[in-house]
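Here the chain labels run A, B, C and D in written order, and each chain numbers its own residues starting at 1.
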C-alpha cells in the first residue's frame, strides 16, 4: 500500500493506511500533533484485507491516534498499520508518549517494538495466566520486563498497595537515598479487571454498563466517548437535545471532581478546615447530581444514540448557584491562605515540553500551557463557546487555578445548555459493522474510545483510554522534579487520577 | 625473677616462631606450630606486662653487653609500658589462635607470619627499650616488619599504595622522634630513658616543649592523629584481617605509648599549653575520625576510622591530664593517665576482635562492602554473637568495658573546673563536649556497623550463601571474654593501674580511686562514683525484666502470630531495606561541609524520556579532604623539588667524582677550622 | 486560621441527623426496584432478567428471583417495563446474612 | 462465631468505638469517594464513634470494596490476617456482592470468595447514608430491615411504597 501524507480535517476523524516500513517516517512527520492513543487489534471495515488477515490471526493492526489541539482546526487522525512479523518500529524512541501503550500492546498481543529494550509491567500481574486480547507474549514477561534494581546508596521505600484508608490500591516504589526522592515507579496491575477483554462480543448498550465502571469518577465522559464511538461506527448522530444532556452531565461531573480534587489538596497539605469546606461543596454537588439525574455519580445517564435520562433543569437552576457558591467561597478562602498557596507553588513542576512529549491531557497539560481540550473539537454540543483555561507555571498551584477556572466555565456552560434545552431519548443503532473513534473531555482530560463492530452489531474490539491512563505517566516525572518526600501526596492530589482508569 | 624474664621468654618464643614460620609455614603443620610458639610468647608477654604493672620499673640492664648499631642494648620493663605489653601478649595469643584457620599455608603465608612475629618482637622491644638507641632501632624494626605484613599480596595496586602510605608516614614520624630523643639526651647527657627522666630538670623549658611537640607529631603519625592519620584507612583494608587487627590493636598503640612516654615519663613539658594542644588535637581527631567512619561502607575502612576516633579519645585524656598536672591537680593528673591507659587496653581488645570478625565476614562472603551483606546473624551466628560483644564495647554501652573507661575519662574532664583558671576549665569541658558528640555518633555508627551486615535480609547471593563452618572463632572469642573481664573486673584492673600510676607519677590515689566494695571514684570523693561490677550484674538482671513482663502479660487465651504488616506487597525484597549509606544520610546532610559528597545518579528515565523502568543507581562519594587538600599539594611540591635537583644527576662519572672531591675538601676545611 | 474559624461559624452545622432522624437528601438516591406482581407476566419477567446487566434478576419457573445485593439500581428494568417495575425508595439495605438480600417475587399466573 | 455474637463482643470490647480499615480490591474509585465522604462534615462518622485507621493492626472492621481481583488476593488476605480479632468484614457495593463482575480468571467476583463477610451493603455505589446504616448494622446498633422488605408493590398506585 502507498503512504498518503496524513492531514487533519477539523472536527473529523481521518484514517490513513501506513505500511509498517513507513511508520517511523510518518510518526516523525506527525510530531507536531499529540499522540493521543495507540492500540492494536480489531479488524475493521475500513480495510477488508486487514480484517481478513486479523481474523485468522496471522497479523495484528497497529493503530495510532493523533490529535490536533490547536483551536479551530482541532481533529483526529488515525493511522492503521498491519504488523506481520510480531515487531514494529520502536516508536517510543521518537514519540515517548507511545511507551505505555507499547507495553500494553506487548502484554495483550505479544508484539513488541523492534528496539528490544525492556518494557514496563502495566496490566498483567506477575505469574498470572490471564486471557489476553491477542496472542500471548512469546516470551515470559519476567524476561521482557525491566528489572527494578536499586544500587549504590539508595533503597526502595515500599508504599502500598494497601495505602491509607479511603484511597485506591496502588503501589509506589519510592527509591530514596534517605533524604531525597531519587526515582519513583508505580504498579497498578492489581486493579486490572480486563475490561477491554470483557467488552468483546457485547452490544454497545451493554458495554456502557462496564465502561462507566472503568473509571467511575469520570463515568459520563467514558460512556460518552464509547457511545460516540459506536455512533461514529454506525454513522448516526444523536439529537442535539440529547447531546446537550450528555454535556450537562459531563460538566456536572467536572464540577464535583474538581471539588473532590480541592478537598484532596487540602488533605495532603494538612489543612483540614479547608478540606471540610471543600467537602461540603462536594457533597452538595453530588446531591445536586442525584436530584438532577437520579445518581450521585451520574451513572446511566449516557446511552447509545442519546441519553437515557433528562436532567431536572429546575433542580439544577435551583441548587447549582448555592452549591457552586460553596465551591467558590472555599476556593477563595484557600487562595487567601498563604500557608496553603506556598505549599502548592513550585511543587511538582511539569514543563510544557514534558507534557507534550508524554502526550499528557487535561488540567495537567493545560497548567503547563498546552491547549489540549476535546471540547474545542468542532461539532458536538459545545460548538465554539468553550474557552480552555490554561496556565504556564506547570506546578500544583497552576493546576489548581486551572481547575477553578474550569469550574466557573462549567457553570456557565450548564446554564447555556439548559437554556438551549435538554432531553432524554435515543436514536436506534442500525445493525451494521464498522469502526469509530469517540472522545469526551473528563475532568482529568481527554477520554478516548475506539470501537469495532461486527456485522451483528456486536463489539469485536473496544479500546477504552481514560485520561488517567495518560496522566499517570507524567506523575513520576513531576515527583522526580524536586527532592521533597512530602510533596508526593500533594502532587497526587493535584493530578487527581484513578488507578482504576489506569489498570481498567 | 623480674617481669623482664617473662619478656625474654616472649622474645625468644617470637624469634623461634619467626624462624619456624619462614622455614615451615608452607605446610599446615608448620603454620600451626609457628602459631603455637607465637601464642606461648603471647602468654609470656601478657604475664610479664601484667606483673610489671604492680612490680614497678626494673633496673636498666644490657644483657650480655650486646650492642645494636653501636649503642648498648639496654632493656627495662616499666609500669608505664606494662599495659601495652600485656595487651600485646593478649592480641598475640588471639591472633595466633585465629591465624591457622584464616591463612592458607603457602610461601607467601610463610613470609607473612615471619614478618608478623618480627613485628611482635619489634613492639616488645619498643616497650622494653631502656635506652634511646634501642628504642629507635626497635621502632624501625617494627615499622619495616609491619610494612612487610601489609604487603601480603603485593601484586594488587591498592595494597602497594596502602603499604607505601604506611611506610612513608611512619618514616616521616621516625625522623621527628629521633630529633626529640637527640634533644633530650643532648641536654641531659644520658642515653637511657631512666637517666633522662631522672635528670629531666636539666632540660630548659623551651627545649622540653620542642622535644615534646616533635615527639607528639612523630608518634602522632603512628597513633593516627588528624591530620597525620591518612595511612590507617589506606593500609588497614589491604592487609590480611589479622594483620590489620594487629595494626589497629597494637601498632597504633605504640604511637600512643610514645606520646605517653614523652608526656609523663621522660621530660614532661612545663605549662598548660602543651596539654591544651594535645587535648585539642585529640578531640578533633576523635570527632573527625567518627564522622569519616559514618561515611564508609567498607567494614575495614570503617573500623580504621573508628580506631582514629579512639586514639583521639585517649590522647584527649592524656592532654587533660597534662593540664591538671600543670595546674597542680596531681590526683586528677594520675587519674586521667589511668583512664587513658585503661581505654588503650579496652580498645586494643575490641578493635582487634572486630577486625578479626571482619576477616571472617570477608572469608564467608567475599566482600567487605556493608551494602552487599545483610542477614549474617542467621548464617554466621557465632561471629554475630562475638561481634555483638565487641560492638557493645566499642559503642561504649554499659556494661561493657568501653563504657567503663570512657566514663572515667568523662568524669576526669568534667572536673576541669578544678584547674583554677577559667579558660582551661572551659576548654577542658569543651573537649568533653566534643567527646560527647563523638560518643553519640559512635553509638549511631556501630548500630549501623552491626545492623547492616548482620541483621535484615542478605543483599547479595554471596551474603546469602555465607556459612559458619571452618571459620575461625577461638581468637575473637578470647578477646570477647577479655572485654567482659575488663568490664566486670574493673576494680582489679584499676588497682593494678593505680600502682602503675604511682610508679610513673608518684601519686597514690588508693582510696581516691577504689574506696572498696567494688566502687570507683574519679579522684575526688565529692564528685561521682559508680561500680562497674554491680552495674554489669544489675544490667544482666535487668535483661530479665522484659521477659518477666512478657511472661506476666502474655495472653492466656490462644494468640495468633502473623507476619509484620507490609502494606500487602507480594514479598519484601532486599532492595527494600535500609542500606548503610541511607542509614547515615542524615549525618551526611548535616555535616555536608565536611564531607563535600559528589553525588551521581543513574536511572533509566534520565536518558530515556519514555519512562522505561530499570536499575537505579545512586552514589554519594565523600571527598577525602586531607588526602586531597593537604597531602596532594605536599607531594606535588616534593616532586617539584625533585625536578630542581635532577640536573645534578647527569650520570657522568667524572661529575660524580667531582662531587666526591668537593665534599671531602669541604670536610677537611671544616676540620681545619 | 481566624478567617477559617469565622467561616466555620458562619457556615453553621450541615451534619445529617441520620440515623437518629431520616435524612431528606435520601429522597433522591437511586434505589433498587420494587416489582408489581400483578403486572409481572412470565414474558415480562423474562425480558427483565435478560435486560439486567448485573444478573440480579433470574427467572425461576413461577417466581422472579431478585438479588438485591447484585442490583446496581441502574434503572434499566424500570425502563424496560415501566408498568411492572418502579423504584422502591429503600436505601437501608445492609444485611448480616446474604440470603436476606435474595427476594422471590411471585409472577402473575397466566391462564 | 456468628455475626450476632460478634456484635455483642464488639459492643462489649470496644465500647462502641470502632476503627475502620478500608480495602479496595478493584473498585472503580467511586466507592472510595463515598467512603471518604463519610468523614466529611455532612456525615461526620466520628460523631458515631467510628474512626478510619491506616493500620490494620488497629482496625476492628474491614470495609471491602471491589470484586476481589485475583491478583490482589494476597494483599487482601494479608490485610485481614494483620487485623486483631474479633474483626468484622463488611462487603461494600455491588462489585463486592457479585453484581458487576462474574467469577472469572480476572476476579473472584465476590468478596466472600476470599474473606468471611459479616455484613453486606448493596448499592452502586452505596451512598454514605447506606454506609452509615451498614456500619450501624455491623456493630448491632441498627437492625437490618432488608429482611422484611418484599420489594413488591400492590396494584393501588396511591399506597405504593417508594413514591411516598
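As a working rule, contacts are C-beta pairs under 8 Å (C-beta built on N, C-alpha and C of every residue); 3 or more make two chains touch, one makes a residue touch a chain.
Bear in mind the structure is a predicted one, so any value in this text is a computation, not a measurement.
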Higher-contact pair (C-beta pairs counted), A-D versus A-C: A-D
Intercentroid distance (Cα basis), chain C paired with chain B, Å: 81
Where chain A and chain D are represented by their mean Cα positions, the distance between them in whole Å: 30
Averaged-CA centre spacing for the pair chain C and chain A, given as whole angstrom: 31
Separation of mean Cα positions, chain D and chain B [Å, integer]: 65
Interface hub residues of chain D, defined as touching at least two other chains: 41-43, 56, 75, 78-79, 100, 124, 127
Sites on chain A at which at least two other chains make contact: 161-163, 169, 276, 280, 283, 296, 299
Per-residue overlap in chain C, given as positions that touch at least 2 other chains: 14, 25, 29, 54, 72, 74
Set of all touching chain pairs, with the criterion as stated earlier: A-B, A-C, A-D, B-D, C-D
Complex contacts: residues of chain A adjacent to chain D: 125, 128-131, 161-169, 189-194, 197-198, 210, 212-217, 219, 260, 263, 276, 279-280, 282-283, 286, 296-297, 299, 498-501
Chain C-touching residues of chain D, taken from the complex the two chains share: 3-4, 41-44, 47, 94, 97-100, 102, 112, 117-124, 126-127, 129-130, 132-134, 136-138, 141-142, 144-147, 149-155, 160-164
Of all residues in chain B, those that touch chain A in their complex: 297, 371, 566-570, 572-573, 575-586, 589, 601, 603-605, 608-620
Residue numbers on chain C that touch chain D, as the complex places them: 14-16, 18-19, 23, 25-26, 29, 31-38, 54-56, 66-74, 86-98, 100-101, 103, 105-106
Sites on chain D touched by chain B in the complex: 55-57, 74-76, 78-79, 81-82, 85
